[in-house]
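First chain written, first letter: the chains are A, B, C, D, E and F, and each begins at residue 1.
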Amino acid sequence: MDYLVQASYFAAAVLFIYGLKKMSSPSHARKGIVWAGVGMVIATLATYFHPSIHGFEKMILITIAMGLGGYLAWSSGKKVAMTDMPQMVALYNGLGGGAAALIAAVELIRQENMSQIVQILAVIGALIGTMAFSGSLVAYAKLQGIMRKTLRFPGQQLVNGITFLVTVILGLMIAFGGSDYSMFVLFVFFLLSLLFGAMMAVPIGGADMPVVISLFNALTGLAVGFEGYVLANPAMMIAGIVVGSAGTLLTQLMAKAMNRPISNVLFSNFGEASGEAQEVTGSMKEIEASDAAVMMAFAEKVIIVPGYGMAVAQAQHKIWELVKQLQERGVTVKFAIHPVAGRMPGHMNVLLAEAGVPYDIIYDLDEINEEFPTTDVTLVIGANDVVNPAARTDPNSPIHGMPILNADKSKNVIVIKRGKGKGFSGIENHLFFADNTRMLYGDAQQVANDLVSDIKEI
Amino acid sequence: MDYLVQASYFAAAVLFIYGLKKMSSPSHARKGIVWAGVGMVIATLATYFHPSIHGFEKMILITIAMGLGGYLAWSSGKKVAMTDMPQMVALYNGLGGGAAALIAAVELIRQENMSQIVQILAVIGALIGTMAFSGSLVAYAKLQGIMRKTLRFPGQQLVNGITFLVTVILGLMIAFGGSDYSMFVLFVFFLLSLLFGAMMAVPIGGADMPVVISLFNALTGLAVGFEGYVLANPAMMIAGIVVGSAGTLLTQLMAKAMNRPISNVLFSNFGEASGEAQEVTGSMKEIEASDAAVMMAFAEKVIIVPGYGMAVAQAQHKIWELVKQLQERGVTVKFAIHPVAGRMPGHMNVLLAEAGVPYDIIYDLDEINEEFPTTDVTLVIGANDVVNPAARTDPNSPIHGMPILNADKSKNVIVIKRGKGKGFSGIENHLFFADNTRMLYGDAQQVANDLVSDIKEI
Amino acid sequence: MTLKVGIPRETAEGERRVAIEPTVIKKLGKLGAEVLVEKGAGLAALMPDELFAGATIVESATDLAQQADIILRVQTPTVDEVDKMRDNSVLVGTLLAHKHADVVARLNEKNITSFAMELVPRISRAQSMDVLSSQAAVAGYKAAIMGADLAPRFFPMLTTAAGTIRPSKVIVIGVGVAGLQAIATAKRLGAMVEAYDVRPETKEQIESLGAKAIELSISATGEGGYARELTDEEKQQQQQELAGYIAQADVLITTASVPGRPAPKIIPEATVDGMKKGAVIIDLAAESGGNCTLTQPGQTLEHNGVIIHAPLNVASQVPVHASEMYAKNLFNFLSPMIIDGEFKPDFDDEVISGALLTHEGEIRHQATREQLEGES
Amino acid sequence: MTLKVGIPRETAEGERRVAIEPTVIKKLGKLGAEVLVEKGAGLAALMPDELFAGATIVESATDLAQQADIILRVQTPTVDEVDKMRDNSVLVGTLLAHKHADVVARLNEKNITSFAMELVPRISRAQSMDVLSSQAAVAGYKAAIMGADLAPRFFPMLTTAAGTIRPSKVIVIGVGVAGLQAIATAKRLGAMVEAYDVRPETKEQIESLGAKAIELSISATGEGGYARELTDEEKQQQQQELAGYIAQADVLITTASVPGRPAPKIIPEATVDGMKKGAVIIDLAAESGGNCTLTQPGQTLEHNGVIIHAPLNVASQVPVHASEMYAKNLFNFLSPMIIDGEFKPDFDDEVISGALLTHEGEIRHQATREQLEGES
Amino acid sequence: MEGFVALYIFMLAAFTGYEVISKVPVILHTPLMSGSNFVHGIVLVGAMVALGHADTKLEMIIGFFAVLLAAGNAAGGYVVTERMLEMFKSSGDKKGDK
Amino acid sequence: MEGFVALYIFMLAAFTGYEVISKVPVILHTPLMSGSNFVHGIVLVGAMVALGHADTKLEMIIGFFAVLLAAGNAAGGYVVTERMLEMFKSSGDKKGDK
């Protein structure tokens, strides 16, 4: 292989790592993808000069395939709605897995004097890549609404287990079969891998989907890394394994963010948890402090609605610190005080004054209620009744007729409370179930503390 | 090379990285060195089975050399006083550099059909290793007091430059001389490298020493990495380059912590800055917030002495936050309020009450003055006159006779202030020059903020 | 003819509040009502007539009473004042019917529709009309200020060249609206505050203000957020346990009360005797007899070096803001009843019917009716 | 014979403080002195005689004066009281020599060694003896409390169901010890505080309490940390610029003073006329004539709806803590002079010589001597 | 390539991937997943080689699809990631790069 | 070993070293310097090999010293680092591993 190609691959590997590193911090993330993109272009162009590519004809063929695949993916990616992004990631990931599997297929069909290790890795890559392919496509289909049902039947796990076992046995036959495995075995091996991948994805649904997609993403990475070894291509090896490792960690983090161990997502109650919650009209959607921090840090305007819970938690000092940090980042922050927030007239005023919040960012209901629709994030801290839309809408509610802060009208609402506790009036609050509301559970002081440190890290 | 050896090397490399990772967080640091040590033992034992080691005789020889060197270093390392640690690091580092250089010497003398790249890296490794060897030994000698003078003469930089140039030219001759460079050239090359390393270290002194040691450490790492390539030994390659990269970063961080660019340390005013400051009886010694944070976090008892500066900076809320964090870590924290701290009677009380500091951790002078000697860290925040020992000792001082808080009697004192500003009485404060005092410059609120986030990170 | 809302000058002794304030005049105007204010009605509340832009200033109380369709007052009118009112007109105020049977009778005779603000049910929606809360908030704040003013000590801790002043300890008994406000204010001033109430849910509320809750071994939660009366035994126990805490207080603020009944006597003479010299008791329950047995409502006396201050009508001592809040309460109550410039109350509304005292010659409030007609 | 330190009951009208407190008795005892206290001396300061454990209670003032080697007082004794004292004895107190020429003369005649605490030089070492500071701190705190008590408004902001109460604005003029304490206290209560002083270095000090500094275009730093008097023109300008700020104040606390001179008149009638109805002026400078031209020292009057409260001897209204600090100041002053139970002052010490008023039949304080002997 | 060298590269790459991702805010999980999805689009290079040295028709067809799919992975992955990260741009740039 | 593979290993190792060290508190600078000083004691392995395949007397002498020095590096580095980090133990363990 000549130096130019090797140097380009080296550059690409460096750029990938650098790009990923940038992408992991919100303020640089966008530059990261551009750098990685540059790496990709360099590697692709250099490959035209790769010694394995024989003849002009092949180049044309490559260019056609590349153009076709690239064009279709590019244009679909450009058009798709922001909300449909996850399934597109699944789709493209599946393509990558498929490509890795196909490379393995080409190499295994050629049976060109592979070393034992190469042969083993080729098979593993084939298995993983194929699974990632079919699994991702199923995930795509489900998210896109093409496939609606989440197929579940008794003994599903057993069937899956057997399929996997058979696939692995076939794989071993190929890997250690020297060069005399039959094409039929190879074919069945790929077919079963395909099936197993799909079967893995079929029963999963709802909120677990992103975790599974991330898992398939990690698998594709591994497959690519292994095929890189097969092709003696260090750029592929590095990029693949970096993604494999990063993806695995990411999958764990995502599962953790949902408070479920990853095994739970994959095996136990395949997507049941989230399936049921959605039967209520709207559900309480949890959010992590770090996420909430980013939402506020990148907002233009934030309104804070404190309530009795802030008083109970004595969180006023922390909240004020949070506000100062947001202000430093150029966010406009206002406090909205409801006339009966807390348990005594002026309860919030006393606490905010204690924390040193200046009067000029404290607004009462009449002054601020019109501002909610233009507010990016409303942070409700231990308040409940005073932001309960039932007061407006439900004539039977005990708080009907009480003026409320229209937090529900802002673009996003984050509610800090400890759990499912009701407010003073003891009624359910529909704001908590709204589409634009996220629940941030925990003691208000602790949560505010977390928010402060998370914002610092951005 | 057989698999056992290779696998051991691999394990060693993993353990080194893992160990270093652990070492970079204070609470795990100790485990880190143990892991790395395990890696070293594995690699060393495995090497006895290395195919290049011919015969029992050699093994005996190796064991003797190893035992001798190991024993001497181990026992000297055990005995040495804590304060002499830096020079020991320099010494051991020099040994490593020397070893790398000697390996290069062996290989270059053997002239066994090296590839071009190998030959180049061998030479570079030799140069760097030799420099690190002689330079580190000079550093050791200076710190140990064996060599007292910091030799400086006009045109020193020019002489150094020329020496370096000649060394490099000789190096190029060897590197690209195929296998027909003369032994004499090789000899002169090593000699000049030795000389240059020493000349680099000779003019540097005082507080810059650690930076230079760190630099030589990084160089040794690089040399080891390069010689690892020469010997086709990936464990050496990885360990060497990891240390080279980490060491380079560390050198930069250390230079930054001293507020001097690294080039400044090495070339411009070779050690002058720190040399002079020591002529005063005691000097103001700066400290970084992160360091101060660690000092307090690992203390048993901390006393905080607020003064007018805390009021000016309105830092009370931040300070209280800091205290709460320390308390969470199990540190006992008390506030010591001097009767005339601030500018009005009870100035500090008003502010601390505003921040919500409970009365029971606030002590006045009579109550707390005896506790300073048993206090690990006293944090003086924007106070000056009220902790000025001149009031006790200097009958001519305008504040003589005023009772003061005996902050100077505590084990460590950290003083937060913006700069060289005097207190209300306009006099110099000798506490700031005391051996156990460190100055933490900056606006009190900003600094307190930094301390809070630094403590969180520990 | 437009609806005329009249605000007379308060005639009760020491009353400085007034049932109107400038923004309410504007808002009433928007509802189509005309506002008449008696000359000088706001003077005691430091609101000169010029401030009442948009209102017609009426020279005499009699004229006002004759012209107004609705009369807004702070305190109960005298029988004479009722006499001056038009038949079938409307009266809104803190009427305290159980104390003023004669007035109620006269209102009934004159077919006046009267609303007693203190009877407004304490449901969420009616919080903006709750004069008890708004005036209690004023009283609680003021109680803490009075405590600080009367105390011979500093509230906050102060480390000075002349020694360290220890912070005062303030104890608040009865943690309703007034008690909470007193806690908050005393805390602000730097005192160490402890508080006690029979209702257990107040513990969290006390702590939500950063103060310390005193926990005794008895509890007395009643209906509707009010406290029930304690048994004699319980009272005994309460007093004894409390005395121990109170002995350490520099200022004691008592606000305990049970609606419609005399204030519980929580502080017997023995407790006072156990207090420090120079301690101060602010007995906010003076209005209903006081929480301390030694209390003389309306007076300030000294007992064994302890000052017992039992002010009446405390809200009236912060007349500007008390009037402002009171007037807004009345407006919030009134506004749903004024539709297109006419007075059209919806007597099915629980808030309106709850506050309705007399209407069309009948006493509509059950307890009052039973009390008065049982009497007669 | 041990040294006897006597503390008489203060006789000046309205004076509630006393020049002793229990811990000082103990400390004096340790120095070998015996303490005599007149019966009931501490009563007004809420310290009954029993509290003075370790001291001998002396029935009459005359007895006390006859027995005591050193007499500690809060205020200047009358000529009669001096007469009762022993010749060659020692007197320590706030003597205000320039106002009491007759007393000084008599002290001289009786060869009494007298120390005027207000003359203690304000150097760092003497801060613990600085009665001006300690009593001013009390006065400043109390001024803010009085302001809150007299104001018809709330200090803090309060968002309630009955509307939002805006916080009061408190303006403090003269930011010495008292002014700073007033700022701190008003801030604690939740008021918006602005403050002004002629000395520019006060800006940072005001801000160090979280308040806002009013900056005018004039400055007047004098010697020794005190202010110099302004020229007429400057005064004019100051008044006009300030009036604009003051018009927005709910409470105005003035503490401006220039030592030894009448207090500067910063608030003319026009400024008061521009103020809100119900605004309150607390003129702490009343002692030296007041900062407001309308001020009647010792009285509370109303002018166009503005209450002008000009209390005298404010520290005396917080008698417990004021006495405590005062007594400690005296002790800190006295203790270096009592060596082995004997009174041995080191007249070379600048603090002692600075405070020395009369000694061995001579007026030692230069300004007083010039004033009095020039007069005579 | 020697087996152990590959192992070293795998080990170091895995460590690198892990380090790069650890401690990212939850909000970046999806963009990062997408970004790493793009990165394994490098499989395109392998697919090109596979097609490049394909000899039989079958191999060429498979190779062709490999390139097609891989290109889809790379191109789609880029576009989608870029669009997701676009959201961070405006507010991020507003404050400068920090 | 192929040149580019070495480059990859160097690159990844450098990145790893960088990541491991970034964001350490100042107080750990010296211990870390010492720790990394120990790590490059792995040169011992190389020195052993060099001595192992030394043929001439000269080579053997040089090799002998190489092992001697390298062993000094490793042993000394370990002891010193361990002693420095000892300081963090007591207070660190006090609070448990966090």
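In this text, a contact is a pair of C-beta atoms (placed from the backbone, for glycine too) under 8 Å apart; a residue touches a chain by one contact, two chains touch by 3 or more.
For clarity, every value in this text was computed on a predicted model and none was experimentally measured.
The chains in contact with chain B as well as with chain D are A, C.
Farthest from chain D, judged by the mean position of CA atoms in each chain, is E. For the pairs B-F and B-C, the count of C-beta pairs in contact is higher at B-F.
Because chain C and chain D carry the same sequence, their contact can be compared by residue number, and over half of the numbers here are used by both. Between chain A and chain E, the centres computed from C-alpha atoms are 16 Å apart.
Spacing of chain B relative to chain E, judged by their CA centroids, is 39 angstrom.
Chain C and chain E have Cα centroids separated by 71 Å. Counting only residues that touch two or more partner chains, chain D has 127-128, 133-134, 137, 156, 158, 160-163, 165, 188, 190, 210. Of all residues in chain E, those that touch two or more other chains are 1, 5, 8-9, 12-13, 15-16, 20. Across the assembly, chain B contributes 9, 17, 234, 238, 339-340, 345-346, 350, 353-354, 356 as residues in contact with two or more other chains.
The full set of touching chain pairs reads A-B, A-C, A-D, A-E, A-F, B-C, B-D, B-E, B-F, C-D, E-F.
Within the complex formed with chain C, the chain B residues making contact are 337-341, 345-346, 348-350, 353, 356, 359, 362, 364.
Those residues of chain C that touch chain D in the shared complex are 16, 45-48, 127-128, 130-131, 133-134, 137-138, 141, 145-146, 148-149, 151-154, 156, 158, 160-163, 165, 185, 188-190, 277-278, 305, 317-321, 324-326, 328-329, 332.
Residues of chain D touching chain A in their complex: 156-165, 167, 190, 192, 210. Note for the complex: chain A touches chain F at residues 6-7, 9-10, 13-14, 17, 234, 238. Residues 1, 3, 6, 9-10, 13-18, 20-56, 58-60, 62-86, 88-89, 91-92, 94-95, 97-98 of chain E touch chain A in their complex.
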